[in-house]
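There are structures below to look over.
The following pair of complexes shares a single chain, chain A, combined with chain B in the former and chain C in the latter.
On to the complex of A and B.
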């Protein structure tokens, strides 16, 4: 079985709106940058194209049919994954590991600025029989329920959630892909009115438009194209019960992320505490509490202890394990199904020493954990490593 | 054929929705799609009475409707070309029924027009073209001679054009 390498990344956008470009134009821009980065010709070298998108986000039924052309996949093997970009990466891993393909391109995109009724689109994902008729307000109320249950279970104080928002929004100032970065203090967050209790507006990620493309290859083939190789050592994915009936979700936990992490760690042969294994982590933070919960579900922090390490500065940019040195979704925004892939790109750039102003010194191993957001209970976790920085 | 009377109890829509077991839900799905630089210029061209296409610098394919990129060479397109508003019918269809399969009062004739631009390769299956209405008698359209028939765009008067594919009213037979 071949090791799987990430040999190229490309992106376009990470802006609150992108009226200057058609969504397929955005896909072309990100994919041509990724192919240039990987030094591959998409029309000759890429064996399979995987596209991650969802019809209701796209505003086009059977949007799969719009996927191949802009990413170089016309008349070539192409398929669509209705899910987060990291799930597409899992498909790429399987295609390469099984020997079916040597080089796979994965594209994901989101253009939320073009959706005029975003809250209603969220409601389309709710159970129409017994959830939609209830007066639930903003669909993000589901995150509030999880935040409350998490805080009650772990004793995590409200200030810790605010600290995540302050840390990530400020950290994003060093990242060119972070339109919502701002110098925001802990007091600013605590003084802001609640948007969805126990969180203020600062603690709820906003939306941005982006297309992201990643090129993966088998070890043998990867070396023909580049020496800036980042290894995908493990990838896990999982879905919990309870999307249709929210009563069944384990509130205040994200078991899908725990299971995805266990799967990825097993593949990567990580033994012992994963907290000492990684140089940095890019984890889900579309709601402030999610960063802490993600760190616990990926076993970076012991149960209920993530806030203690956060307050001690362990997850700061200069701490022992920088968490979301990109600024995370709180600074970069949510790009719908491209969110996880965007964070994978952050990790790849870190491991290649190409993260610019927010480069983590000597980064060699990275964790990427994504959740598909409300009202989903689907997560994916990737383990990456590289020798480029050594 | 006369409508048969079936046994059973007739329900009004209101009565039907009042029964447990059927839940109505109608969230709104509304979008605004950015046309991007290429289609924007194409639409502007239509307003000026021109059909604009883009040529691939590598393979020479001409794209109408234009694209930002060549889907075969995966390179950005640079050149713009104005193409003739004349062509030949590649294929056409007469529709007698609506989406809901009700009989239309007036049948619609629509088709794909292969514009008078060299194909790729020459006479190949890839061509610059437009899908549009064809202004002709539906009975005539069903005849074999429709395929390959010479047509020309019938433009709306300049003051009525809005920068839309509807600035061309239809393609109509010529000669």
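On to the complex of A and C.
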């Protein structure tokens, strides 16, 4: 059973719109960059290609048939995953760890700027008879319900949610992939009217276009291509009730993320407190409360206590555990199925010491936790490490 | 060539009139069929699972993969969680905010998602609500046969 290495990453976009390329063009751009970064020839060196996308986001039925050529996978083993890019990485892990493949490429993309009916597609994901017909005004109301339930259960004050937004949007100013970064103060957030109670518009991530490609390899093969290796020590994935039964969701919790974390930690053989294990965390924050909930479900913080550490500055860029030094989705935007891979790229660059102005000093171990977003209850968690920085 | 991208949007061609297809026929399933009849009759059903838990609305199967039995939900209903939508997905302020709640009947383990007609200041988790059905001739066997929930 081989260790699994991440040997290359490539990205394109992370902009509010990208009219200069079509979605296949974006896939080609990020993949060309990843193969250059990994020093691999996709036509010779990559054994399997995994593409993460969803038909309705593309506006094309059977869009998986569009996958192979733009990522170099024509007439090679290629398959698609209708889910967040981090789920594709889980497939890559299995292919390599089982010995079926030596090198696997994973691509995910999202081009929300081109989806004229984005609101309708969100509603299209709801149960057609028991949820979709309700005049709810905004599909993200589901996050409002979770936020209110989370605050009621844990006693987390409104100010803590606002602090997440202020921290992440400001932190993103140092990240070139963060179009929605801005100097936002706690007061700015608290003074803004609610968009979806209990959150203002500052606390709800916007959308951006991006394509991300990641190249993974077995330990033996990885060393032939690069010495800038980041290890994928563990990866977990889980779905709670699914969107066919949203009513059965445990409101104010994300049990799928907890299960995904337990799976990933077991693989990575993490014992004791995960909060002391990691140098940084890139966790789900498309809604402000989700950062705090994600930190609790990944057991970085004890239940209901994430806001205490946040207020103490523990998750600041210069704190003991920087959380979302990239600025998170609040600054980078949501790139649909590429959101999790975007955060994986952030973690990889940090562990290679290549994160530029937002480099966390001496970063050696990183946590990445993604959620597929409303109206899904699917999560994935990855544990990464590297010796490049030591 | 990939390095030679157009960068002025005026030179890029769009087809803004194209839209995604959205016409489908949905069948309600075995339990959904019974729920449809009940809703048209002004009643709500749940499914009682092997472990004794009762869920609304009833699915044809239970979360533990067992086949449950349909039971009538009698209430009383209480507000478990709520949110208020002030803006749509594109950031436009709504003329009237929409209150959405998880409304849990005492005789079920979970709650329905539905619209709550109540003054914002009066909203309290735990408050008792009742379903208000549409007039019988307007019911279709779907969730909107209940027009909204309101305080008792």
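Keep in mind that, in the parts below, the second predicted complex is superposed on the first by the 389 of 390 C-alpha atoms of A that agree within 3 Å, B and C clash if a C-alpha of one lies under 4 Å from a C-alpha of the other, contacts with A are read in each partner's own complex, and residues count from 1 in each chain.
Criterion: a residue touches a chain if its C-beta (ideal position, glycine included) is under 8 Å from a C-beta of that chain, and two chains touch if they have at least 3 such contacts.
In this text, all values refer to a predicted model and were calculated from it rather than measured experimentally.
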| item | value |
| --- | --- |
| Partner chain(s) touched by A:193 [first = chain B, second = chain C, both, neither] | second |
| Touched partner set for A:305, first chain B, second chain C, both or neither | neither |
| Of chain B and chain C, the chain that contacts the larger number of chain A residues | C |
| Contacts of A:376 with chain B and chain C, given as first, second, both or neither | neither |
| Chain B versus chain C as contact partner of A:97, first or second or both or neither | neither |
| Touched partner set for A:389, first chain B, second chain C, both or neither | neither |
| First, second, both or neither for A:2, with chain B first and chain C second | neither |
| Partner chain(s) touched by A:39 [first = chain B, second = chain C, both, neither] | neither |
| Chain B versus chain C as contact partner of A:116, first or second or both or neither | both |
| Where chain A meets both chain C and chain B, residue numbers | 19-21, 25, 28, 32, 56, 59, 116-117, 120-121, 124, 128-129, 133 |
| Sites on chain A touched by chain C in the complex | 19-21, 25, 28-29, 32, 56, 59, 116-122, 124, 128-131, 133-141, 144-145, 147-149, 152, 193-198, 201, 241, 244-248, 251-252 |
| Sites on chain C touched by chain A in the complex | 2, 5-7, 9, 12, 14, 16, 18-20, 22, 24, 26, 28, 32, 36, 55-57, 59, 63, 80-91, 94, 98, 100, 102, 110-115, 125, 142-144 |
| Interface residues, chain A side, partner chain B - complex | 18-25, 28, 31-32, 35, 41-43, 56, 59, 68-70, 72, 74, 111, 114-117, 120-121, 123-124, 128-129, 132-133 |
| Chain B - residues contacting chain A, complex | 23, 25, 27-39, 67-69, 71-76 |
